[in-house]
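First chain written, first letter: the chains are A, B, C and D, and each begins at residue 1.
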């Protein structure tokens, strides 16, 4: 029973394809691919709509106010209203802009964001596109985002746009290194670049209780934290949203966009966030596996989306809590702290592996990480202490 | 129709010639670099094609390895080449290769 | 036999050295981490030392050896190693324990110094080298550590480098000990030549074991010479008579340094060295008397008496203790020379505790008196610095040899015992008795000047030292008292441990003539001191407070002693003057004789050069010029094709490729 | 191997490459360059070398293309000036293409179809890289480090 619920979407697709029995092979293939694409788009566009209103509501709660609550029950229809507004707005293209590049930038950025979603396993037998080097595909396609951001900045022919694009590219370049290098230990330990294999490697449970997710190893925990922070930067989220810091450079590379193109950028940012979180879930949080063996009766995709939601909530929570950092601080952290720590994770994973993957390996790799962390924090300590701030009129 | 090795090689030759065209005809230094990168890519395409069409597959896959190393080397070359273009531009205020003829005999 | 511990001995020197390196890499401002690192290194060394010590208790005359090859040249293999035996274990324990106390003390004493971290780096480095020295199982390894402690001593004496006197003292210490080390080095080479190995113990084939000794025993005279050459090193390091001049000057260094290096550990290394290679000294002797040991005895006697006499007339609190150290080291040498090896080492260990205590006490006094070191300007400190006074008094009584409760008494008694039974002469025995009296005398003088009487210039604003300085004092005082538990004749555990014998308890042995004799002697010294100095430092009708009672009574003798018997001046007039003259002569030779010779050769060469120049210019050059002109013309022609346009070059390349392709097609 | 896919990809690649070589605006040419490399990566996919294709996209689109557009940005003042077009280059390129094509067509041993081979997994490539090709891999690492440092030194501000 639980198995059939688990596989309900897979079976539905089989059922759909069974109508085509007898057609030439390439027809079935194309239809199968199209089905996957439609399902993916439907799910994630809904999720985008949902999260855009939920984010506003959560932020509102953090800031002690109500948030959108006028359109529909609890304001849940707000995204529809927003969408209509965006669609019917005038699309303004600057006269001196490079019109082709200006047009192509949002298209490219949305396309790459959606493409990255394709390789993540959402449940048992539920990977839209199975590629041998799925992780590499994710990053290869993801790196195209930088070009798209540059196109947006260049095509707008606007100083703010260009500055924003430069900032975005600088920080995305800098954080792409730790992002990829923190993935390496997982790839090394599993011995595969295929997301399914990585998920399968985390299937077991120690004593039937504690799942063998990589986040529960010292190197995995460290790598996950680094991965999460890099992911924050890659998706240009607070506290790393300097490329679109409205108090400094209007809206960065999106300054000259309006209407639906602006909405596209907005959507791409959210979908990029989903993709990075989904990859994080796949790599470190055990993918679609249940945290306890008993709970495996709940379908796998539910687990995946629960984990994804938790990560997304943390994203929003961080946004509601932390102030924006300066660009030089971001770069300093990337090169002086994140990168060495990411390399340390590789070493710690190797130590864990060669010390037998047991408790001994666990302790040794913890030691490696602790030593490097301490050394780095001593070396990087500028001895500039923050003064206690006094809020005179806030109480 | 299934493509044969010849067709791949002809496409690769076309790509090579286009790269050569970019490197020979345009005056901007960046085009020379773009042309060189395209010629290298054509060579990589040849490597991969020869590996794929070899009657007896090699173990290890030599063609793929060569292509990988060639990509890495051309990446290094691109980085240094572009840095040189910037340095030259700073010094002479031009990127026109016709004007950069200080080394003439 | 558990020899496992010996393979784990290397961290004992390595950890403090590593701590030293780590501290050196810290910035000057990280005082706390420097101190913590140094203390951690020392605690670690102490831990392993305790472990090593415990493992030596398993059997009598425990000895474990670990040797390894350092390098090979030709068919010769140079091997180094570590050894663990009662001698090494006892030394390890004493050094690391005293060292720890002194490290802690230094945190308080050096608290305001701007080079705090450098100080701890040097101190850790010294500690590591010294610990390595005592566990070395090779004369070469011992020599290496020997030189390293010398270097550490040099660095630390000259620690306050901005003072010219400190720099001079450091230089003096380094050069003076180097004279002794020269002899040591020659002796080592000779030993290697004779025995073919520098390892002490090597499963029967070491130079201190039967095979090596048999090889040396073939010519006892040579063995004696080797022993004496090695003893030269000990003379230099332990400040024995002809080379003792550096040690009092070394007091220019910070007081913890004086306590650790120039009282408790490094200067005792000479005594340790003699004890370590004792089989060489006693080789071929009858009744344990050999000519080399006789030399040791007489040098020890001379040193002990002379230094004790000089100490009486000194005014600097640390110099008095320094001469006292010299004197005590002489006493240990006598003990070794007359055959009382265990007694000498016991005194060395006990001396390590109480002399470190006295030096630290003097450091506390100096700290309290804001840097004043002249005892004539102190006085009345017993009320102001009670903890320092009590601990200092304990140290003083241990040094003087007050019986029953203080460790120094028992070891001194053992030494006197051994000296009494020396078959060759009784003179050392009586001279040593005089030495005991003198020791009590000068210590009484010092303590009266410093702690009794009324407050004088320096002690008016004195204050007790902070807890971090008094705690080590108390710890060392406790050690100095309770160490005597294992020393008494009733239960001579340490004696037996060092000799590798079982120990017996016999209360009757406690009472013996020597006890009464030393009681009388010490009492004489103390009484004499109290009588002589009862009014010291007090303004009197007859004389001012600045004048010493002895000076009042015997001005000539006092001047003789106060000026250290003019030995420094003697050296200045003879040895140093001679080297100065030799240097002047060499300089003159270099300037006028050799230089003239070289200039003459140069002139001849220049004449030849002129000749060849003319041939070159007019004969050979013409042909070369012609060739060059031709080449240049050709080059100018060729450079037309060299347009500087890279695209032209690229096009030429492509055309060349096309041509090759066509050639290929045409051929086949 | 799919003929239709091949035709589509080759048209896309060659068109983009031609655009990259001839477009007037430098930025457009650079973006066409990126498209051409997507096409080449697609060729690699078609030939079964997925890993190389992904690496190509990763390196060329993610790094080299961005570097090129950055260089264009930094040498911007020089771009607007009109430049001549060297027609002799076209002649040489066309002649070379003809020569190459002629010699390819003339060689009969090249008209073969692809045999069936075992799929080239990332694992196999990784094993080859870590065993037979480990020294070349180290050398490439060294080369890339040197290139990184060299590029940095070249673009550093000249001290006056």
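Here, a contact is a pair of C-beta atoms (placed from the backbone, for glycine too) under 8 Å apart; a residue touches a chain by one contact, two chains touch by 3 or more.
Here the structure is a predicted model, which means the values were calculated and not measured.
Peer 1: Weigh A-D against C-D on C-beta contact pairs and write down the one with more.
Peer 2: A-D
Peer 1: Could you state the distance in Å from the CA-based centre of subunit A to that of subunit B?
Peer 2: For subunit A versus subunit B, the centre distance works out to 34 Å.
Peer 1: Once you find the CA centre of subunit A and the CA centre of subunit D, what distance in Å lies between them?
Peer 2: Once rounded, the distance between the two centres reads 29 Å.
Peer 1: Whole-Å distance, subunit A centre to subunit C centre, using C-alpha means?
Peer 2: 65
Peer 1: Approximately how many whole Å separate the CA-defined centres of subunit C and subunit D?
Peer 2: The computed centroid separation for subunit C versus subunit D comes out at 70 Å.
Peer 1: Can you list every residue of subunit A that touches 2 or more other chains, as numbers and ranges?
Peer 2: none
Peer 1: At which residue positions does subunit B touch at least two other chains?
Peer 2: 20, 23-24
Peer 1: Where in subunit C do residues touch two or more other chains at once?
Peer 2: Residues 647, 651, 654.
Peer 1: Mind giving me all the chain pairs that touch?
Peer 2: The set of touching chain pairs is A-D, B-C, B-D, C-D.
Peer 1: Quick one: in the complex, what on subunit B touches subunit C?
Peer 2: For subunit B paired with subunit C, touching residues are 20, 23-24, 32, 97-98, 100-105.
Peer 1: Spell out the part of subunit C that touches subunit B in their complex, as residue ranges.
Peer 2: Against subunit B, subunit C makes touches at 638-647, 650-651, 654.
Peer 1: Okay, in this complex, where on subunit D does subunit C touch?
Peer 2: Interface residues on the subunit D side: 86, 88-89, 92-93, 95-96, 99-100, 102-103, 106.
Peer 1: Spell out the residues on subunit B that touch subunit D in their complex, using ranges where they run on.
Peer 2: 1-11, 13-28, 30-31, 33-35, 37-38, 41, 44-45, 48-49, 51-55, 57, 60-61, 64-65, 67-69, 71-80, 82-87, 89-91, 93-96
Peer 1: What residues of subunit D sit close enough to touch subunit B in their complex?
Peer 2: 1, 3, 6, 10, 13-14, 17-18, 20-22, 26, 29-30, 33, 36-37, 40, 43-44, 47-49, 51-52, 55-56, 59-60, 63-64, 67-68, 70-72, 74-75, 77-79, 81, 83-90, 92-94, 96-97, 100-101, 104-105, 110-115, 117-118, 120, 124-125, 127-129, 131-133, 136, 140, 143-144, 146-148, 150-152, 154-155, 158
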